[in-house]
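Consider the two complexes below, in which chain A is the common component and chain B and chain C are the respective partners.
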Partner chain A sequence: MTDRSATAAQPAPTTRTGGVRLDRVTKRFRSGTIGVDDVSLTVEPGEFVTFLGPSGSGKTTTLNTIAGFAKPSSGRIEIAGADVTALPPSKRNLGVVFQNYALFPHMTVRENIAFGLHGRGLSKAEIGARIEESLAMVRLDGLGDRTPKQISGGQQQRVALARALVYRPPVLLMDEPLGALDKALRDRMQVEISRIHREVGTTFLFVTHDQGEALGLSDRIVLFDRGRVVQVGTPAELYERPASLFAAEFLGESNVFRGELAGPGALRFGEQTLRCMGDGPASGSAAVVVRPERLRLVGTADASGRADASGGAARGAIDPAARGAAGAENRVEARVVNIAYFGAFRRVTLRYADGSSGLLHDGVDAPAPIALGDPVVVGWDAEHAVVVPVPAPAEHAA
Partner chain B sequence: MDETTRAGWGLRLWAILVAVLLVAPLLVVVPISFAEKRSFKFPPDGLSVDWYVNLFTDQRWTSAIGTSILVGVLVTLICTVLGTAAALGIHRLGGRVAALVTGVLVAPMIVPGIVSAVAIYSVYLRWQLTGNLLGFLLAHTVLAIPFVIVTVTSSLSTTDPMLERAAASLGAGPWRTFVRVTLPAIAPGVGAGALFAFVTSFDEVVAASFLQSPAIRTLPIEMFVSVTNEVDPTIAAVSTVILALTTAIVLLPAFTRRRPSQKASSS
Partner chain C sequence: MSSARSRGWAVLLLLPALVVVLVFFVYPVFALSARSFLEPTPGFSQYVDLVTNETTVTILVRTLVVALLVTVVTLLLAYPYAYLMSLFGPGMRTFLLFLVLLPFWSSLMARTFAWIVLLQPSGPVAGFLGFLGLDGVKLLGSQLGVTIAMTQVLLPFMVLPLFNTMTGIDRRLLSAAHSMGASRFRAFRTVYLPLSVPGVAAGSVLVFILSLGFWVTPRLIGSPQQSLVGQLIETKVGKLLDFPGAGAISVVLLVITVVLLLAVGGGVRALVPGAKTDGGRDDG
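So, the complex of A and B:
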């Protein structure tokens, strides 16, 4: 959406390659379980799309049907405009980066990269040039003669990328490629993958269960749950406008207030009515989702639980005016359960009156002097409160 | 320190005792093979290399050696190709069918040799496969192929299945994937299987004693005939040669493996 203007402003890659289209793809396993359930999806040429979901949600199986490693039970798969549903993996002209890299252990780095250039009608000189070019792209110049065992995990990852891109496939598939790396290396490789994506202009399909990777890398995120696509959108859309409780809870952290809708943009929560975005459903069981950084401390509550946001008279601790929070449209009482300092922000764990727990991130400026066990009042604006449907009463109780 | 050395001594004595019991009977044939007279007396009265000369000149012995090597090499080739193919198929099949196929193919390893031999003999007699090379090849292939299947299957189970997917994603068809990726990965298993197949064929007595004729005899049969019919120290010479060769085969990998690692550490 609006936040993606940064992407649009980046220099356009030299060539836009092919897109991917899934049309009602379903994969039933021999055991009868459904791995992928009626998934339709269009990935634009040159796009970076992430398949995000918990394990067993169908994201990897969907990727496998695109790669040709799994045959869909029904549906159609197109790559760069051509129907590839019946083609074996070797004829799909895709690049694939595997979770454990799957480098050929008996070959050198250069031989690994050269493997995919075989039989593509390239001269020896061209092959040599392509290999050196892709070694340079992943910044491994000079390591061509090592074997996979002689290089580090991060370097193996780069070789896997180079090997999958050297023959310039229209689409690159990556299955949890960063899963085996440690945190620092993972962050560095994310930056590298973004850079390479911009440089080559290939369509990237990236499978991960890590929401941080999904938010940081993608043009669009496809959120999977139980074999189905539950939401597709830019990272900002998914984070700020989750369409379901699952989306809200899987991607990022949230405060969830469950209640009954009392019209568009109004939810009955206990004895209160919470104002929220009005474009959701207007009646039935629902929940309001508020992100931790949208929540503000607006006052303290006295021991009897009566909210007191009139200037901090009870304890004199929090001055809403000074914190610029006077305008918070919704106010809810909570108790402070935990406070953790993270440097860039402070993370306050809250417990609400209905027993549910929540989170508040507050900035480093003038942190309110709150202590564990303190009754507080937190507030937020309606424009930051998203209404999502709550499926069944049973789940509501849980 | 003291305790560990003492414990070490007890263990060492035991190990030496076991080793002597295992190896001593084998080593007795070495001096006998160098005997001067036609006798199995131990220790021999005088020394000579007459029996080695006899072994490599007497047409009876040389043709038996030739037959054994020919049968062994051909059986090894057949078993390695078929056994590797079978193991690949079984590996891909998976599940109950794979277990069944494995059971059938590996059965000759479990069924007592004499039972297989009698069965093979009664059938081959009808098919006129006794007393000729083809009969030996078929019988030994059946008996030796389980070793290739077992070693290659275990190699396959430790090979990363993603390697074949990677090769396929890079555009390699099944044949190129096998030759460039799978085969190098399972090469140790294939090699071990081939060695076992050769030894199984070379060493096989029971089926061979049914299938043999004066025209075609493998080395173990010739040795058996010799030791039952005559006093000929040539059999001790054969045993010594086989002992030396098998020892060399066992030790060879240990020596060849050390060299590359030294190179790697020096560079």
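So, the complex of A and C:
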């Protein structure tokens, strides 16, 4: 503890943060498959950026090319303004947290953390002070003399973080670091990682296939699919304005209405015209995407009933719970397939006339009395309906 | 109750092997050891003779030196070999394993005679050494020839434990070391080498102990003037019928072996806590 003041008196640490730039990076494996396909990306200093995507989408391979564990077939990688494309991992000055932590089993926690401090021209006192500081940062004071086997999975995770940050790299790479932890611990570690990111100000690049982690942690999300970056944006942008059907379906849940565009903000769905955000494409095959919590139950339809596409009254009683929803711009008939109570909300699974299934989340106060098999009318506002292009089948296969 | 009964059955299954070990190993060892303390008069006279007999001491020391030499040479040869094996894919790995195990498919005697042919003054090894300018190196009937042949015979016993340990070392630990700025050399020295110590220890102990008891190879390739302890025991038992004397030497060998095992085991545990059971392999 007395070393704290000594640390403060040291000259300013080397850059604690730096940007990352990928310029047309492609990674072709020896087998011929393409792991990363022409990815260009700029990460600002201090940003928390998540690489999100299903397994095999290229997110980890991209991280590996940044770390230097994989050599890109073509393209250029810059870290903190310097071209590192040809440098080995040991010369890139990065922090890396591995999926299963990769702690050295034959070393104590303190020795693990000290590993990256050697060979950096630091005095013994400085090394000792940095280790204690790191242990405190990850709240592991007093566990320095244990070996990795003597601490829990969550604690090992903290050691991995401390070990990768102790030499103050400008960028920290994390490869699915929470994958091995149970749900409760994962939630707690997310909060911890956010706090540490704010404290150290280092650029964090975080790989995950868990959309919840991506939404909860990131400044920006980079969405990967089949080796390509398909969308980059803030969590809210990705969730509320998915640019593709893939983005809509991978991140969160959606109701998808497929049809033909009949001009900006209008989609022909069966015999109806659905009104939606007008900033998408204006013609061709497309789909309207509506999130489950934006969907409202606006009425029940009798067997012969038809919801009126023009926004007029649907035949059948408007449920009292949906009074506030009277102004919903779009209305579609559906049948209730399943109802599940989740505490914070109720989750209603629907089947639409075209056979596709959908989801509706509504609040628990005064839920509409619906039953399995009921014909219902659901509605939503145009501003919550996003148009995404539907790729032609052939293009999708390529 | 049923577990007690099944334990009874388990003991029954152990019984045949137990009887064999007791009758053909434990009893003779005890009998011979007992005779070394009881004949010709009770006491340590056999051991006093052993220590004061210059020839016996020379042979014992020579045996220890040869065993140590063979251990070091097999380790130096086997470490890179096992390392490569642990790196290759399944196909190449099987091939390399096949090469290591090949000697096990022929008898020790046949291999030793093969070495006699190879090590002859006019043989291929001498020819190769002559090509390198090393004329007149005595291979057959020398310590050098014995060491070469023993190294070949014992190499698998070093390769297999090393390979076994090395496949358990998580390669990501090396990536982690590199990411923290460690050079290849430093990563090897501080991470890989310590984690491979259990394999080094197991292989070394195995080779060293087997070397101590080698008899056929030094008998056929070495010379009587350079005999090892196995030959000495054989002479005492087969020619001089000096069972107590042979027993005393055997007891000394046994004590050396046990002390070595305990020392190495303790050393490994002190050096690499938990490395033997873990090795960092818990990937999901």
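Keep in mind that, in the parts below, the second predicted complex is superposed on the first by the 359 of 398 C-alpha atoms of A that agree within 3 Å, B and C clash if a C-alpha of one lies under 4 Å from a C-alpha of the other, contacts with A are read in each partner's own complex, and residues count from 1 in each chain.
In this text, a contact is a pair of C-beta atoms (placed from the backbone, for glycine too) under 8 Å apart; a residue touches a chain by one contact, two chains touch by 3 or more.
Please read these numbers as outputs of a predicted model, since none were measured by experiment.
**Student:** With the two structures overlaid on chain A, would chain B and chain C clash, or do they fit side by side?
**Tutor:** clash
**Student:** Who does A:A180 touch here: chain B (first), chain C (second), both, or neither?
**Tutor:** In the superposition, A:A180 touches chain C alone.
**Student:** Using the touch definition from the top, say if A:T147 reaches chain B (first), chain C (second), both or neither.
**Tutor:** second
**Student:** Going by the contact rule set out at the top, does A:A67 touch chain B (first), chain C (second), both, or neither?
**Tutor:** In the superposition, A:A67 contacts both chain B and chain C.
**Student:** Now for A:G363: first (chain B), second (chain C), both, or neither, which partner does it touch?
**Tutor:** The answer is neither, since A:G363 touches no partner chain.
**Student:** Which holds for A:G278: it touches chain B only (first), chain C only (second), both, or neither?
**Tutor:** Neither chain B nor chain C is touched by A:G278.
**Student:** So which bits of chain A does chain B touch that chain C touches too?
**Tutor:** 67-69, 88-96, 98-100, 102-106, 115-116, 119-120, 163-164, 167
**Student:** Can you tell me which positions in chain A touch chain C when the two form their complex?
**Tutor:** Against chain C, the touching part of chain A is residues 67-69, 88-96, 98-100, 102-106, 115-116, 119-120, 147, 149, 163-164, 167, 179-180.
**Student:** Would you tell me which residues of chain B are touching chain A in their complex?
**Tutor:** 160, 162-163, 165-173, 176-177, 180-181, 184-185
**Student:** What part of chain A is in contact with chain B in the complex they form?
**Tutor:** That would be residues 67-69, 88-96, 98-100, 102-106, 115-116, 118-120, 163-164, 167, 173 of chain A.
**Student:** Under the stated contact criterion, what part of chain C meets chain A in this complex?
**Tutor:** Touching chain A from chain C are residues 170, 172-173, 175-184, 186, 190-191, 194-195, 271-275, 278-280, 282-284.
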